[in-house]
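These are the structures in question, set out in turn.
Each of the two complexes below includes chain A, the first together with chain B, the second together with chain C.
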Partner chain A sequence: MAENKSDLTFESVKIGDPLGPSEFHLSKDQVRAYARTTGMWVPRFTDDEAARKEGLPGMITPGNMSLAILSKLVTDWIGASGAQLTRMGTTYRQPVLPDHAITLQGFVTDKNESNHTAEMDIWLENEDGERLVIGTATVHFPR
Partner chain B sequence: MAVDYDPAIIGRVFETTDPLPVTAEMVKNFCSAIGESNPIHIDAEAAKKGPYGGITAPPSFAVTFRNGQHFFQHVPRYGKQGFDAGKDVEFVGPIRPGDAISLSSHVKEIYEKTGRTGSMVFVIVRSTLTNQNGEVVAHVDHKFMNRT
Partner chain C sequence: MSTTLDLHSHSEASEDSRAPLEAYLNWLKLRSTERPVDGIVLTEHRQFNQNADYRALEDKFGMLVLKASEVETDYGHVLVFGVTEEMTRRFDFANVRLPAQEVIDEIARMGGAAIPCHPGRPNVGLCEHYTKKPPLENVIAVEVLNGGSRKGEDERSEALVQQYGYRAIGGSDSHLVSLIGLCATRFDAEIRTTEDLVRELRGGAYEPVDFRPRRKPVPQAIAVEVK
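What follows is the complex of A and B.
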């Protein structure tokens, strides 16, 4: 991802172009930091023991945090090109457990000449390749 | 597959919140929590040269605004368990430190779906975020899923 993306243009984008993959270890402390700063400090997002009492396998990542790191996958792809993330839809299919490696990725699925936009599928998967959070995004390019 | 609900609830604005202030610290902490290092969100000097002439929050900051305390009383519930099934967001304009954001919410849609694990009722609540200048900055569709 070290490539300079400032030359990304509507014309240069092709259907099938990849976003990511971006793989990293999502730590419990990072999830707690998110929960703290967004007012979501509730046991299921902060404490394993308390989460288990709710029937969960352990503390889970807020769905909105998954949305946030997926939107960052798109804005990192946009870089300094001047394009804008204008829409994003997400479905939280299964809980995202911290203290595991996760991978974010996607690809361009369509381009719309009249709107000057590109559509993409994006998802967050676990170490077993299960897509826990899936979504779509629209990026608008300046003319 | 008819879901039992009062059709009058669709579209009725049931809540408008008091403006919620956005501070520089909130944006900084949010960036830190999601690993955001783009200077247009964290560095005032660099952001001056960016597209908005100053620091803006990352787009996904729009979903961090909580609905007010009365919100859930007005959302119809089905069955026992409710889940946050996802969000659909339209990013309309930037959110900046110093802004005050008001939310106006209404039930957009209610529908039933049968999946692998049984029947589910989805309640879609749309919140529109408006800044202190009356400009809409985002629409957020909250997808609540209830197992029946």
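What follows is the complex of A and C.
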């Protein structure tokens, strides 16, 4: 496993290397700030009561914000290595509720010598270990 | 000699998975201490590829790869083991409202085994349907351990088993490479073929096994509000 982000190279990356885990608290105000900034100021992302009227358990995190949070897991892993996140695909299994602890995690699952890329699984889970958003990403390393 | 198989997995042939079979097998080889399985069963959604041949990968990794299918019925999702051409002619596997009782009875008559999966899951599991409709007959087993279960789902499945006397299997329901083999089924007998698997599911001795890591408690988070 590459010990230092600046040391991360295609050759140093091994199948099984972890990304994270990274834990943090996602606050309602952070979600509101994202909704305001991205022009998504709709009740389900900003107000518990209004979200409940839509049948949701409370205000939820926009899918794009979950995607952005997960992309940071990958870009933090890439660091200053010069590698690039070239693809991400995600599946939303359950709403991500703010005001909870979130854990981001992933693993390198494959390497492609000809493309100089690494494939990785990534996911976002809650305090109960439920994987709310799962996905895969591809990172390209410079030759 | 016993055999441990992950009975529920999805490769990139399923529309919601990007996991190549070779990467699954490589991952299991890497994690053989934590997830000691002898092979996997590919249960692609609503389809069955009669012609797929995985013998080269089986030889490369020394693992068993068998084929089955996960179909959708009016009682939720069902794993079909021992799929034959007769079965795919009898049922349109792409139909998301297959009649569950017919699937269970007809698959058994044609030599296979149909086993409801993740029964504790809302909407697509047996438990919720049993609150609205009569229980199915001739169910031989249900999937009690599912690697994708949310909080409480496996417990609901276990309660179902206790109530109806079903037998229990386990599978990862993996859609990602790194989640393969988290749950599996340990058979007393040696299994080398699909015929062996169906025979054991119908009359052999087996139990679900859980290889999910015990979760460390997450420290109490401190909310920092953005002003």
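One rule holds in what follows: the second predicted complex is superposed on the first by the 139 of 143 C-alpha atoms of A that agree within 3 Å, B and C clash if a C-alpha of one lies under 4 Å from a C-alpha of the other, contacts with A are read in each partner's own complex, and residues count from 1 in each chain.
Convention: contacts are C-beta pairs under 8 Å (C-beta built on N, C-alpha and C of every residue); 3 or more make two chains touch, one makes a residue touch a chain.
Quick caveat, the model's predicted, so the values are computed rather than measured.
Enquirer: Taking the superposition as given, does A:G89 touch the first partner, chain B, the second, chain C, both, or neither?
Expert: Both chain B and chain C are touched by A:G89.
Enquirer: Can A:R131 be said to touch chain B (first), chain C (second), both, or neither?
Expert: A:R131: touches chain C, not chain B.
Enquirer: Using the touch definition from the top, say if A:A68 reaches chain B (first), chain C (second), both or neither.
Expert: After superposition on chain A, A:A68 lies in contact with chain B alone.
Enquirer: If we overlay the two complexes on their shared chain A, which of chain B and chain C does A:S27 touch? Say first, second, both or neither.
Expert: The answer is second: A:S27 touches chain C but not chain B.
Enquirer: Looking at the overlay, does A:L56 come into contact with chain B only (first), chain C only (second), both, or neither?
Expert: Touch partners of A:L56: none, neither chain B nor chain C.
Enquirer: Just checking: does A:G39 make contact with chain B only, chain C only, both, or neither of them? Give me first, second, both or neither.
Expert: first
Enquirer: Both chain B and chain C touch chain A; at which residues?
Expert: 24, 30, 33, 89, 91
Enquirer: Considering the complex alone, what residue numbers of chain A touch chain B?
Expert: By the definition above, chain A touches chain B via 24, 30, 33-34, 36-39, 63-65, 67-69, 71-72, 75-76, 82, 84-92, 133, 135.
Enquirer: Going by the contact rule set out above, which residues of chain C touch chain A in the complex?
Expert: Listed in rising order, the residues of chain C that touch chain A are 16, 18-20, 23, 26-27, 30-31, 148, 150-151, 175-179, 215, 218-219, 221-227.
Enquirer: Which of the residues in chain B come into contact with chain A in the complex?
Expert: Interface residues on the chain B side: 26, 29-30, 32-36, 38, 51, 58-61, 63-64, 66, 83-91, 143.
Enquirer: Within the complex, which stretch of chain A touches chain C?
Expert: Touch list, chain A to chain C: 15-16, 23-25, 27-30, 33, 89, 91, 93-94, 99-101, 103, 106-107, 109-110, 119, 121, 123, 127-131, 134, 136.
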